[in-house]
Amino acid sequence: MAIEQPDLRVKIGGLTLRNPVMTASGTFGYGEEFASYVNLHRLGAVVVKGISLKPRPGNPPPRIVETPCGMLNAIGLENVGADRFLTEKLPYLTKAKATVVVNVLGDSIDDYQNLAAKLDGTPGIGALEINISCPNVKKGGVAFGTDPLMAEKVTAAVRKATTLPLIVKLTPNVTDIATIAKAVEAGGADAVSLINTLLGMAIDSKTRRPKLANVVGGLSGPAVKPVALRMVWQVAKAVKIPVVGIGGISNAEDAIEFLIAGATAIEIGTANFVNPRVTEEILVGITEYLEENQLESIQELIGSLVI
Amino acid sequence: MAIEQPDLRVKIGGLTLRNPVMTASGTFGYGEEFASYVNLHRLGAVVVKGISLKPRPGNPPPRIVETPCGMLNAIGLENVGADRFLTEKLPYLTKAKATVVVNVLGDSIDDYQNLAAKLDGTPGIGALEINISCPNVKKGGVAFGTDPLMAEKVTAAVRKATTLPLIVKLTPNVTDIATIAKAVEAGGADAVSLINTLLGMAIDSKTRRPKLANVVGGLSGPAVKPVALRMVWQVAKAVKIPVVGIGGISNAEDAIEFLIAGATAIEIGTANFVNPRVTEEILVGITEYLEENQLESIQELIGSLVI
Amino acid sequence: MEHSLTRPSEVVRTEALGRDIYRLTLVAPQIAEDARPGQFVMVQTAAGKDPLLRRPFSIHQIAGNGTVQILLKVVGRGTRLLAETKQGDFISVFGPLGKGFSIPKAGQNICMVGGGMGIAPLLFLGKWILRSGFDGKLIALLGARCGDEITTLKEDFIHLGLHPMIATDDGSAGHHGLVTDLMPRNMTPDEEWLVLTCGPYPMMRGVAKICKQKNWSCQVSMETMMACGMGACLGCAISKPNDLHSYQHVCKDGPVFEMSDIVWR
Amino acid sequence: MEHSLTRPSEVVRTEALGRDIYRLTLVAPQIAEDARPGQFVMVQTAAGKDPLLRRPFSIHQIAGNGTVQILLKVVGRGTRLLAETKQGDFISVFGPLGKGFSIPKAGQNICMVGGGMGIAPLLFLGKWILRSGFDGKLIALLGARCGDEITTLKEDFIHLGLHPMIATDDGSAGHHGLVTDLMPRNMTPDEEWLVLTCGPYPMMRGVAKICKQKNWSCQVSMETMMACGMGACLGCAISKPNDLHSYQHVCKDGPVFEMSDIVWR
């Protein structure tokens, strides 16, 4: 019996993705780095390294340390800035026919708004992902993403500045992530993505110094998967907009679990370092799963958790 | 050159522990289970499985699932209740000359207070550890430990009911654990212990059902260590009372990192399942580290992080 | 106290007994000395922290030279790693743990019913019964997917002096069908039987059903996920039949239970 | 595109070259074909998820039969696991990655200075230079903890037609002292030298200091923690000398840098 190729398309705001497999910001460079391993145009989307208005040097080294089934990073949002991104990085992605999501970051609401305005209308950009885990410089360094009011405000400001589909990326370092998700939904987000990294730390027992120059860093990788999956499930129940699941996804089975929990799409982060081809392999695995389970469309899988 | 055996003693409220190595509640049974593997009286303290006023059956199975470098549990606080604990479990520990810390739990402030009063003055109990991660039945199931006001209230209530040293055990599922720690310090706690488990979830992609009957469960083990260490460091800076470090400690090096971060003592949880003798091995490892680094007392190690 | 935990056990022999089925022979004198049939050991599968938890395995055989055997089927990551163990490797094992089978000295005939990896403890059990001076009838009924995976095990039973009856899912050896089909054919209905069984839940449910009908006593060996294997984590709970919200623990109260202590659904 | 990632590489040979030092020979034809001296590969050390990240290793030798060698010292969990690899095992490797040494065709003499595992890329480099039709002087100065760990490597250099000068920390072979001590003795002061060095930071700092004094050019191969090895994670940053808060990335801009591009402190 010949089965039709299952329909993998998913929608985020006005943007239709070929399939739900995206890359996670900061783990896939600007796409070009992976071009010899992955057909960029086959992915649902390439989410690039977080971009700020001005270039940022990032934190002093050491910036990364391995932890049990995970890693801590304190890259410090090093990036080439919006101008160089548009002139040096985006053209390659456009040429490769990749669907591009730009991860944006700032220190103030103005930053976010100005950057969104700058990127608005640029051909080749499919959507923006707003990283609200950044410390709010004006509010004493507390992340925008930990306070529902601030989260809603920054979302609404960016919403005004652009017509691009808006994904707001949530931090897991909060008591109640569903409330934050509802706030950004109210602020006009087309989707939420989660989780960003869990705040962690590592110490060298010999030198008695932190292993990261920045002292604390963000935990990612398989270690965080159970927390991420729980949060995606909670948020998917709480909001009506699509949820993009992120956190410790290393293979198709992991990705499928997030889809079952209610994610419309998924992003793959740290796993790219372990296996640069993992995104395409996961895409194949999801397709096979749908075929084996005789599902005609990915929609039948999304949120299909049986309780 | 003969070196004196280093001084490992630490104080928690009025209680002096032989050394900083404790067991984490729920991972060491009532102590007796480990008696053929560990000399209970050599440990700093045995923290027993959480006790409630009345016995509790716990959650339906499956209750546990393995995750990358960790595990999820949804035991549901199964315990024999205070009466049977006092008559059937405590006498063994007393006979074994163990320093006993009783982990207590309840659904309301009254529960906590009544239980504390009941245990007060019982010979053989060294301290209480108040688990405020339990859902507050009266407040719609939100954990006491996620709201500073509730956390302070329950601490103050228990403080009134007992003269025993009081350790309040904090949940990591909060935006700002230092604020909660300061609240329980204000409520009269003699120490805080952290972290309890991170809320997580696992899904079986074949059946599309949660792997735990309770749907969500608590993540523990090496996977959570970076998060635990960060929180211990943050809390140790914020409060004046001793901090007991918990989370993913599997060997002496891990334990030493928590001490360096500012923990006065540490509790070992999931690692007991992997190696039932791990607590004594960690004790040996800490002693060796002190000797190698020519530290005369554990006090020289505690909080010695160089930034 | 000298524990097997003090140092890991050397793997002195590895056997492949059919598709995905392996037998490891480990040096563990204290376990070999203390073990009773139906008890289990907790085995570490990786040197690193992933997979984190030990895996429970029934004690399959013990030998006078201080070795212990486990029989395992590859079903996931931990068993895959154990299957790749080579002679000369060391793995950490502790036990024996749990409550095994209770064997009467006389007065009953005994029928052992094993399915799949549930056969593992029955070889040890059979030997134990024969050596205990037991004077009744002792038979063994074994179920497997196919003949291949049971060939060596069958020989081991024969070597004991037991001639097991075989049932296979694919009919490639013995009876084509369920092992429970063998029960009425091999168990004299007018005698008293004690049935000792280990295998997949549906199989044991079938065994228990027959035993209930015939009024035979029956002990079953249960499986659950386990973290500690020693009664500390309370993770291995199963319901008690009188009150579904009251639990017993497979690692400590079992793994062997009276069939009446189990909820059959 | 056929990548080494498509399937893991077979380990066809393992050698122990002294205390805690091992050499693995892997089948990786595409890497062998593409590799340039000073480049590295990313190697997976465990089948499971712990240790999670790959480890970087210099390409030590390549052979016409499509094999690649890495030389490694056990310093932690990942290298311990690699040291335990046996012939016939498969490990996942990808590369070649990074910017290697730039070698002039003529006009300079070349001195390679290696310390510890920094010797690894120099064997490949020496062979490459000799085969490139380079017409100047080529010498190799090698530093090690003790004679034992350098015996085989020394022979490999001799086999190339190079006669390396040796320095050891314990004096058990060659000069008793630092490898940098060998530089003035072996490098004619009035000629132009290009120094290519790989080893611990303090050693390379010493090399760079001498080169600066003598006005010799010098390329150094740097080490940092790496997650991706391919410019994506930005984890391998090191400061640029002109502005300490401006960074370059060892995996992509290096691992080989001009000495003037490095902050020596």
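Residue numbering begins at 1 within each chain, and the chains themselves are lettered A, B, C and D in the order written.
One rule holds in what follows: contacts are C-beta pairs under 8 Å (C-beta built on N, C-alpha and C of every residue); 3 or more make two chains touch, one makes a residue touch a chain.
These numbers come from a predicted model, not from an experiment.
The chain with its Cα centre farthest from the Cα centre of subunit B is D.
Among all pairs of chains, A-B has the largest number of C-beta pairs in contact. Once the centre of each chain is set as its mean CA position, subunit B and subunit D turn out to be 47 Å apart.
Chain geometry summary: the mean Cα position of subunit B and that of subunit C are 36 Å apart. Within subunit C, the positions touching two or more other chains are listed as 49-51.
In subunit A, the residues that touch at least two other chains are 68-70, 221-222.
A complete topology is adopted by the chain contact network, contact being made between every pair of chains. Contact residues of subunit A toward subunit D in the complex are 26-29, 33-34, 36-37, 49, 57-58, 60-66, 68-71, 73, 75, 78, 221-222, 250, 270, 272-277. Residue ranges on subunit D touching subunit A, taken from their complex, read 1, 3, 5, 44, 49-54, 92, 94, 224-239, 244-247. Residue ranges on subunit B touching subunit D, taken from their complex, read 68-69, 222. Contacts from subunit D toward subunit B in the complex involve residues 49-50. Residues 67-70, 72, 146, 173-176, 198-203, 205, 207-210, 215-216, 219, 221-227, 229-230, 233, 248, 253, 256-257, 260-261, 289, 304-307 of subunit B are the ones touching subunit A in the complex.
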